[in-house]
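What follows is a pair of complexes built around chain A, which joins chain B in one and chain C in the other.
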Partner chain A sequence: MLDAVLSGLLQVLSPDSMMLMMIGIFIGFVVGVLPGIGGPVAMALMLPFTFGMPPIHVFAFLLGMKVVTSTTGDITAVLFGIPGEATSAATVLDGHPMARKGQAGRALGAVLMSSLVGAIIGALALGLSIPVIRPIVLAFGPPEFFMLTVVGLIFIASLSRGQMLRGLIMGCLGLLIALVGIDPQAGVPRYAFGQLELWDGIGIVPVVIGLFGGPEILQLMLSKESIAGKSASRKIVGVGQGILDTFRYWKTVAVAGLIGAGIGVIPGVGGSVAQFIAYGHAKQTSKHPEEFGKGSIDGLLAAGGNNNAKDGGALIPMIAIGLPGSVSTAILLNAFLISGLNPGPEMLTTHLDVTFSMVWITIIANIIVVILALPLLKPLARLTFTEGPILVPFLLILVVLGAYAENNRMFDIWVMATSAFVGVVCLRWNWPRAPLLLGAVLGDLCERYLFLSSSLYGWSWIQRPLVIVLAIAAVAILFKTGWDVRKHARDRQAASLKEVRS
Partner chain B sequence: MSALFSFRDAAGVGRRGARMLPLVLPVVLAAAFAGPAQAADGCDFYKGKTVELIVPFSAGGGFDAYGRLVAKYMGDELGAANMIVRNQPGAGGLLATNQTWTAKPDGLKIQLMSVSGMITSELGGADGVGFKSGQFSWIGRVSGEPDVIATAPNGSIKSLDDVKKIAADRKIRIGSSGVGDIDYIEAGLLAKMLGVETDVITGFSGSSEVYASLGRDELDFFVSSLSGGEAAEKAETARILWSFDTEAVPGRPEIKPLSEVVDAKFLPLIKAQAAVVAAGRALAAPPKVPEDRLKCLRDAFDRAMASEKLLDESKKINRPVAPLDGQKMTTLVRSVTDDAPKDYLELLHKAYAQ
Partner chain C sequence: MSAKSVAGSPRTVAYGDWIITFGLIAIMAGAYTLSLKWPANAAFFPRLLSAVGLILCLLNLGALIWQTLSPAPAAVPARAGGGHGSDDVQLVEGDEDQGNEDEFHKIFTRADKRMWGSVVSWIVFFFVGLYTVGLLVTLPVFTVLYLRIVAKASWLVCLLYVLGTAGLIYLLFDLLLHLPLPEGVFPILGS
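Right after this comes the complex of A and B.
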């Protein structure tokens, strides 16, 4: 085993692999800052260039690219409030408010460093799971996946604290969005209104870009000011502080990373949900939950620490049994087959070095990204001081392109525009947006896995040990949220009473 | 593999070929006398033009790899300035196929078709089908492989008797990635032929998830492509048991053809399904592309598919090709759409009517 660990490292450090990794990182950086055209699209387009390369070169190139797009997705989320990928929506919630307060430098420093820490946690999770990878992956069937989606849905409650009713309504709206498309069991189109475009459901990427990016662009257009506004000083400070913040709140980052690596394993759920679970968890355990959504550093760190960790987690079922956990791992799986590798036991025996090389590539590429991005943070942060009218046309192009790129169709641009409208309404009347997204992503999976569980196991799936453990966890989270909300309300009441008395 | 297709060729070429001869002969003669110069002149149309190859699924998948492989070499053979691949995913390929059906037949837009899926959804009268497979201008088949029936890697099923033994206790479970998918049709066919009580389990997101479920011993059977089955065998999530065919899989004598396992009365059903599957992935242009342009496309396709470079690359990326020329492809598609057995059609209608 140690041989394979070393051999994997040496092969990654060979000049050819390092060179390809650098090219991958470069492409990923350029493409990744365009919202929507995140990792999966970049990887799919670059896949044909890997034809004929040895496996480790392929992964150095593609994984390097993937890693950097996760990070750059966070950068656009912080700067413009437009998530570069569906998986960096949570970064917007606190990262962008920080930028508007003129703290873009600190936010970028924090997100970059926490991404690195998260990536290392994800890679270690992958590396450490290798000896037991197959039994673990095979122990999770549809019943366990269903319960995990339930746990995810419960976080809607903690994400809606302070506006519970609105949060639940938005969550339901998300679930309704998830209903659109071909019903996974009976194959009947639901709410498709005769449009073939709606058969596959409503794409999550255009929804995320519109929901979060739309209102920001509108605000810039109307105020004609820069993102950071007039209030902030024009000096860019705090990159160093952001990096330090990562270590000051190391627990938040580490837990977020572990959540990312863990949830990343679930096929289909992956990053778009892990981020909100990590964020919701951070909010629940934070001393200042009321700051979340207004520029809280722990919220940002949780989102950042989670984002790159999930990539490591998503690789686990792909390597173990050939089951991809996310869109980008599905492309990696194809790269596996193209380069003549077979996921499964082979990856844990004869090709163990390749498996470990993926761990190393994740770590090394992330370190390189941080080193390369650090000097760029100041000029990037300066963009938040650019006048709105100059910035807006570029941002408009980016969101339109991003919505279009995933499936090459006009329809998605209309989805994005509609979501932007919803986003503006939400922001104006203070309705939370994250529950909608969580509902939209989880609704479909929740339904599918529930149906599968019952058609495979009848009612006996309820007795599976892991299902029971997860159910207990779900109930515990629900109670904890309820308790916190009540306590908060009581404290507020007490405070106002005191005010009245004095 | 060749034996596999000979039956399909026999199904159509003889009859239709004879009818075609008077039409084809003058063209052949004219071409022979005019020499290669004129043949090339006929394709001047493509000089400097950009040909668009539509792939009806997302970039980065297996289908996409085939599209890009062909586009890379066929564009040059055609003399076009560019042949670009455009991914247009949606509704399991129906979205793109419907659009290609109504596209301008100028020979500048072609599509890589998932032929088996389009034929079964057309024959089954599925929602959203706006085309007739037999009327596309077929350019040629890129790849086609038989489908196989896989069981759990450590499961007890080795023969039909084992199936019956299990069926005495509980229903046999067959996985499917979705109602109306080709594996759903095959699950229905298999259920009918095994003659035992079955549950077809749907709701999986795709074939890799069905294989994962098979690996967890939750299912008894799953029907998929040979390459998919072999990948799952290597991942130890499946064991290939039978081929959905009347012939054995070349190089895998231990995999019995289904026709030798089930009752002989099901032979026409197996043949019909095997023919549908054999149509594989093929290139087509919209209906009524001018004869000369279609000929250019077909010739360029044939040359590209025969070129050493393409074959080398296909081997390198583990995407085997099984070319069939445009004329034969047309015959194959029409033989299936025109002559499908009645009980096969009934089963398809039932599958899509749900």
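Right after this comes the complex of A and C.
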């Protein structure tokens, strides 16, 4: 096995592989900064260029590109509140408030370094899991996957402290949005209202860009102030502090990375859920949960540490059993097949060096992107001090192109605009947006797993041990949140009474 | 805009909540009704979701009614220097955990009708332009007008801005990725 580890490293470090990785990193960096044109789109567009390449060159190019887009997607999330990808949505929650306080440098430093640490955790998880992963992945069937999506949704709703009911309602609405389109079982168009565009369903990218980016642009237009605000110091400092924060809060980053790698393994659920679970876990274990959403460094590190770790996790089922966990891994699976490789036992025996080369590519590409990005952080952070109206045309074009790029249809721009309206309404009247997004991501999977569970096992799937464990976890989350809300309300009432008396 | 004209009073907030709750009840009920026409296996999950959503919305409606009927809590005297009880926007229950969303909430509640009218007009102008003549025409026209009128930028800044943005889009979308741009229904510049 050690031979395979070393052979994988040496093949990745060969000049050809390194050159292709650098090209992939460059494309990934540029493309990742633009919302909507995330890793999957860039990889799909670049896939034809990999025909005829040896497998390790293919992965150096495509995987290098993919891991970089995850990192750079966080940059727009921090600076402009516009997540580069759906998996960067949690980064907005604390990264952007930090930028608004004039701490964009610290936020970018923290998110870059935590992404790197997370990526290493994910890659190690991939490397270590190779000998044992098959039985573990196969132990999870549709009922367990279904329960995991339910737990994820309840967990997200529980984050909207004091608004859990609203969180659950928004989660249901998100799930319903995901059901728009042709039903995969009966072939019936659902909630399509005779519109042909709706038969394909509602894309998640326009929804996430609209929900999070739309309100940001609108507030810039209304306030006419810079993102960082007038009160913030114009000195760009704190990049080093952000990097150090990653190590100061190493437990948060490590746990977020492990959550990312662990949940990234689950096909389809992956990054969108993992980021919020890691964020929620950090909030529940933090000494200062009240700072979450206001620019908490723990929250940002949890989101950042999780983001790249999930990529390592997502590779595990693809390599071990040929089951892609996300669109990106599905494209990588294509690259596997084009290169003449078959996922499964071969990847754990004959082609073990190729498998380990993927571990190394994930680590090396992330180190390179951090080194490349560090000198750019200060100029990027300066953008947050630019007057709001100057940024507005650029950001409008950015969100429009982001929504349009995935499917090249005008309809997605209207979806983005409608989502922006919903995002503004949510913010104006304090309705949580994250459960809506997560519901929209999970709806399709949730239904598919429920259908498969009942088709395969009838109702007896409810009695499976892992399902019961997950159901208990869901109930425990509900109770804990209820308890916390009650305690919080009591404390607040006591504080108000004290204030009135004094 | 006077801070006292802020539309952030609890009454207004509750008014918005009522509308959203009734809107969601209508959506959930509509989703349930539509699902009745579909085959059982296609309808099961939407029906389950819309029923659960409807129950949750009704619970929220009950909570709103409870809040309206229950006596208002003792008012906390306003402190000098702003804060929740001051001239600033009054934040609603649950706000304190929203963080960055607080700021957005404040901005959205503070903006008066004129400001909203101006912003919505610009957005409508942009999207109508995008829909009719496409991005290649809308980009320079909107950018120059917006920067000149709202940002009070010089002609030189406008020119550099348009060239920079158009150049970046050309490089990335046309040269690198070969992706089409939104053309609009009456494209002036060809594809």
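Criterion: the second predicted complex is superposed on the first by the 497 of 502 C-alpha atoms of A that agree within 3 Å, B and C clash if a C-alpha of one lies under 4 Å from a C-alpha of the other, contacts with A are read in each partner's own complex, and residues count from 1 in each chain.
Quick note on the criterion: a residue touches a chain if its C-beta (ideal position, glycine included) is under 8 Å from a C-beta of that chain, and two chains touch if they have at least 3 such contacts.
Because the structure is predicted, anything quoted here is derived from the model rather than measured.
Contacts of A:93 after superposition on the shared chain: chain C is touched, whereas chain B is not. Of the two partner chains placed by the overlay, only chain C lies in contact with A:496; chain B stays clear of it. Of the two partner chains placed around the shared chain by superposition, chain B and chain C are both touched by A:186.
With both structures placed on the common chain, the touch criterion links A:141 to chain B but leaves chain C unconnected. Looking at the superposition, the partner that touches the larger set of chain A residues, chain B or chain C, turns out to be C.
Shared-chain residue A:242: touches no atom of chain B or chain C. In the overlay built on the shared chain, the residue A:264 is in contact with neither chain B nor chain C.
Shared-chain residue A:206: touches no atom of chain B or chain C. In the overlay built on the shared chain, the residue A:408 is in contact with chain B and with chain C. When the shared chain is aligned, no partner comes close enough to touch A:122: not chain B, not chain C.
Judged by the document's definition of touching, chain A residues 41, 45, 185-186, 188, 408, 451 lie at the interface with chain B and also at the interface with chain C. Every residue of chain B that touches chain A in the complex is listed here, in rising order: 58-62, 64-65, 68, 72, 86-92, 94-95, 98, 127-128, 173, 178-180, 184, 199, 201-205, 208-209, 211-213, 215-216, 218-219, 231-232, 234-237, 313, 316-319, 354. Looking at the complex, you find that chain A touches chain B at residues 40-41, 43-45, 47-48, 51-52, 137-138, 141-142, 182, 184-189, 196-197, 199-200, 267-268, 317, 321-324, 330-331, 333-334, 337-340, 342-346, 407-409, 448, 451-452, 455-457.
Interface residues of chain A facing chain C in the complex, by the touch rule stated above, are 27, 30-31, 34, 37, 41-42, 45, 81, 93-94, 96-97, 100, 161-163, 165-166, 168-169, 172-173, 175-176, 179, 183, 185-186, 188, 190-191, 215, 218-219, 221-224, 290-296, 387, 389-390, 392-394, 396-397, 400-401, 404-405, 408, 410, 413, 417, 424-425, 427-431, 446-447, 450-451, 493, 496-497, 499-500. Those residues of chain C whose C-beta lies close enough to touch chain A in the complex are 13, 16-17, 20, 24, 27-28, 31, 34-35, 38-39, 41-42, 44-46, 49-50, 52-53, 56-57, 59-60, 63, 73-74, 76-77, 92-105, 107-109, 111, 115-116, 119, 122-123, 126-127, 130-131, 135, 139, 142-143, 146-147, 150-151, 153, 161, 165, 169, 172-173, 176-182.
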